[in-house]
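One structure, as structure tokens, below. Some questions next.
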Amino acid sequence: MSAAPDHRPRMADLPLGERIAKAMPVLLVPILLVLGFLAIGNPSSWLTLTVSGLAMGMMIFIMASGLTLVFGLMDVINFGHGAFISVGAFVGISVVLALAEWAQAPSLLLNLGVVLLAVLAAMAITGMLGWAFERVIVKPVYGAHLKQILVTVGGLIVIEQLIHVIWGPDEIFFARPEMLKGAVTFWGAALEKYRLLAVAIGLVLFVVMRLVFRRTRIGLIVRAGVENGEMVEALGYRLRLVFIGVFIAGSALAGLGGVMWGLYQEVITAGMGEEMMILVFIVVIIGGLGSVEGAFIGALLVGLLQNYIAFLEPKLALISNIALLTAILMWRPQGMMPVVKAK
Amino acid sequence: MSDAILRIENVHTDIAQYHILHGVDLQVPRGAVTMLLGRNGVGKTTTLRTIIGHWPAREGRIVFDGDDITALKTSERARAGIGYVPEDMGIFSDLTVEENMVLAAASGPLDTGRRDRIFEAFPPLRTFWRSPAGTLSGGQKQMLSIARAMAEERRLFLIDEPTKGLAPAIVSTMAGALRDLKRQGASILLVEQNFAVAKALGDFAAVMDDGRIVWAGEMEQLATDAGLQERLMGLSMEAG
Amino acid sequence: MLMRLISGDRPRSRILTLVLLAIFLGLLFAPFLFPGVRALETAARISIFILLAASYDLLLGYTGVVSFAHTMFFGMGAYGVGLASQHMGRGFGPLILGSLAAAVLAAALAFIIALFSLRVRAIFFAMITLAVASAVAVLVSQLSSITGGEDGFTFQIPRALGPANRMGEVMGVNITGKILNYYVVFFISLALFFVLLRIVNSPFGTVLKAIRENDFRAEAIGYRVVRYRTIATCISAAMAALAGSLFALWLRYVGPETTLSFEIMLDLLLMVVIGGMGTIWGAAIGATVMVLAQTYLQDLMGSAADATMAIPMLSRLLDPDRWLLWLGVLFILSVYFFPSGIVGRLRGGR
């Protein structure tokens, strides 16, 4: 560790190869886009699939971001995260169904109003649920991974079953708000309006999250806390409060993801969160546990790859995610952008 | 030593199932540098970590400036005015030097006058102000770590082996910075293996062995008595 | 002799010994003690799930690794026997070949998963097994031309084990091939259970326990933690596959619901946690309690739901379909308050 007094930062000295390796995860998305384009060969199909893949990726990212941060900050792995996805979907869709008149009116303003209300209701409820979940289920098992996994799985089941108790045992089918149905044509490609909206929401959210992380003190605390929580406390911050805040925000985001996914599928089931968790875990692992950027890239890769493969070779689509997971872990056993841990 | 800024009374600390501190009694006088000495593994780092609250004391009392802080959380102890520089420096390598400093000023924006004084003590921090802290050299990281503790008004500094693994040139920079800090009237509890540095900086010394303080007194007395050194620390340290 | 059989791992509690003895004798004489199809069905299920839970405990309790792929391995064994019997015709050959092949395959797959996840962090294992297991479950229900899809498929087992094979009467009970089949299932489960008991009481098992207590220290002492965990994973997977083979043999049917579903995974978790993690005896008790509760308590819930029809919410909560709700609550409570399970309680510790 010894060095001359005015040692230059190593960044500038990095050889080209290493710099590419560092940027490689970010480059994977455009590479996949190009490969997809070459394999599909038809620009309009490619565009349709790409938008659909990006939409899916954005929604998965929204669900995954909270989970990965909660892990990074407190080393807590929450298998119950999927419950917030389901609850968010049921609360949100209940709002959409309750405001059926607005939803069916051919007015973009009213339709978006319904979606906004649905999202706000879902996020409020899942946020509160997250707070309760943290206090009752997670808090007593800090620092014990085995128990965390067991207890949060238990919490997932209980919440899922309560959804059955409240909303009945069957899945709920419904229609998207009027103006979000159908597609727009762009360069000969049919692009579903709702998917475009999902991509937009996802992008805005990602940009906002980045700004929060780079520009605000709370963002700095979270980033620093992921790396070395003890030191953050030694500087005078109550990491526990920050963690609860992140847990609530992450749960609310899962709820948002749930509403969006529900609107995308036009059907919701109590088990949908559990199903989505599979993809969320894959995304979080390949991104690198604790890394929001990694989760973002991972989610886009999963969404795009799944859509491309489903078009090219439908039978392989089922295992494309596992294949991606395997490939990434062979390349980087810790995930694409592993978080530096001080301990 | 009537005017102690920190008094530790009969502190016992466990780490998992291991009993590490066996009743530590220590006084840190105000406005002076107290060296915490002893062989590796006798509990020096654990003592500092118990003071800042990373390990809970199972038994005993920690009194800081007249207030019993034994039951306080780490963050509350920090806000009470204790600055901590851990052995591994605890740098947030993903954050820039500036962000590290901004975060260190926990109670508000970083005071510019204070920042300029830090730049004076540690010029490289100005040069790499906007670089990720992870790209700094070992010595620069140590500077940043100490600078962070100085980002706010502190009444006591706990510093764990600031010269560990550093090249001689940087050790003297570091010693200079600590001397400045001392001149400004700070109270410092410093763990140091380099006896030359310890001798140059320390006003008082406390020697630990097997989780207890086995000797406490003036640094002068310890520095001039090779026999005492040998008895307390096993081998006499080469006097630099 | 007895001590050698149980590898010197005494139950260390008088009540526990009595309970275990009762389970053993109850299962041994089940066809004679509890006449009726349903009772025999339950007894066979208990035998198989004791083995399955014990093999899972080797992972969860002794190694401290959470896997969500245990039912996948269980299913592999079941489908192995089913597919072999379907394609090679009825007979003992396909049964043996199918189960052995499935067990080897399960161990190999477990090895690959362990290679990717355990090397990095033990919690990766939980997430990756969940992902892989669900992908496999989807795959099985999609590839209906091979697996029969969601419906699964029935197959024929040797006539000697079928109900048509009448072999006379003992103590007033008609001995049919079905009862013979029960004893095949029972004795193989018992034998494999003793093998597991032997494994956890071997030096290998001692190392596993050391790793569970403190993996850093075990590594520091010089044990290759990852290697030990990987081996335990493989053994556990092979045992689960064998349990699955027995289950298929008993049911003469395989399908995703009975072998691969997440619900069975939860049952399994509950069996091990309630019985007591880290003791093979606990798995035996947990499995017995759970299977009995599932068979008989769900009826009780049904009648409770009927009785509370007047109170809509309560009635919904007590609906037999909400069985999982109460399991979940029970599960959380046991992890918090009885982490050492029934066995831990009976032994009077913690």
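Residue numbering begins at 1 within each chain, and the chains themselves are lettered A, B and C in the order written.
Heads up, the rule we're going with is that a contact is a pair of C-beta atoms (placed from the backbone, for glycine too) under 8 Å apart; a residue touches a chain by one contact, two chains touch by 3 or more.
Here's who's who by UniProt: A, C = Branched-chain amino acid ABC transporter permease; B = ABC transporter ATP-binding protein.
Small disclaimer: the values here were computed from a predicted structure and weren't measured.
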Indicate the lowest number of steps between chain B and chain C, counting one step per move to a touching chain. 2
For which chain is the distance between its Cα centroid and the global protein Cα centroid smallest? A
Per the centroid of Cα atoms for each chain, what is the distance between chain B and chain C, given in Å? 55
Taking the mean of the CA coordinates per chain, how far is chain A from chain B in Å? 42
Could you work out how far the Cα centre of chain A sits from that of chain C, in whole Å? 34
For chain A, which residues count as touching chain C in their complex? 77, 79, 137, 140-141, 145-147, 149-151, 153-158, 160-162, 164-165, 169, 274-275, 277-278, 281-282, 284-285, 289, 318-319, 321-322, 325-326, 329-330, 333-334
Name, in rising order, each residue of chain A that touches chain B in their complex. 1-7, 9-11, 217, 220-221, 223-224, 226-228, 230-239, 339-340, 342
Touching residues (chain side chain B, partner chain A) in the complex: 52-54, 73-75, 78-79, 84, 86, 88, 90, 92-95, 99-100, 102-104, 106-107, 124, 127-128, 131-132, 134-140, 148, 152, 165-167, 169-170, 173
Would you mind writing out the residues of chain C in touch with chain A in their complex? 60, 64, 66, 116-117, 119-124, 126-128, 130-132, 134-135, 138-139, 142, 262, 266, 269, 273, 313, 316-317, 321-322, 324-325, 327-329, 331-332, 335-336, 339
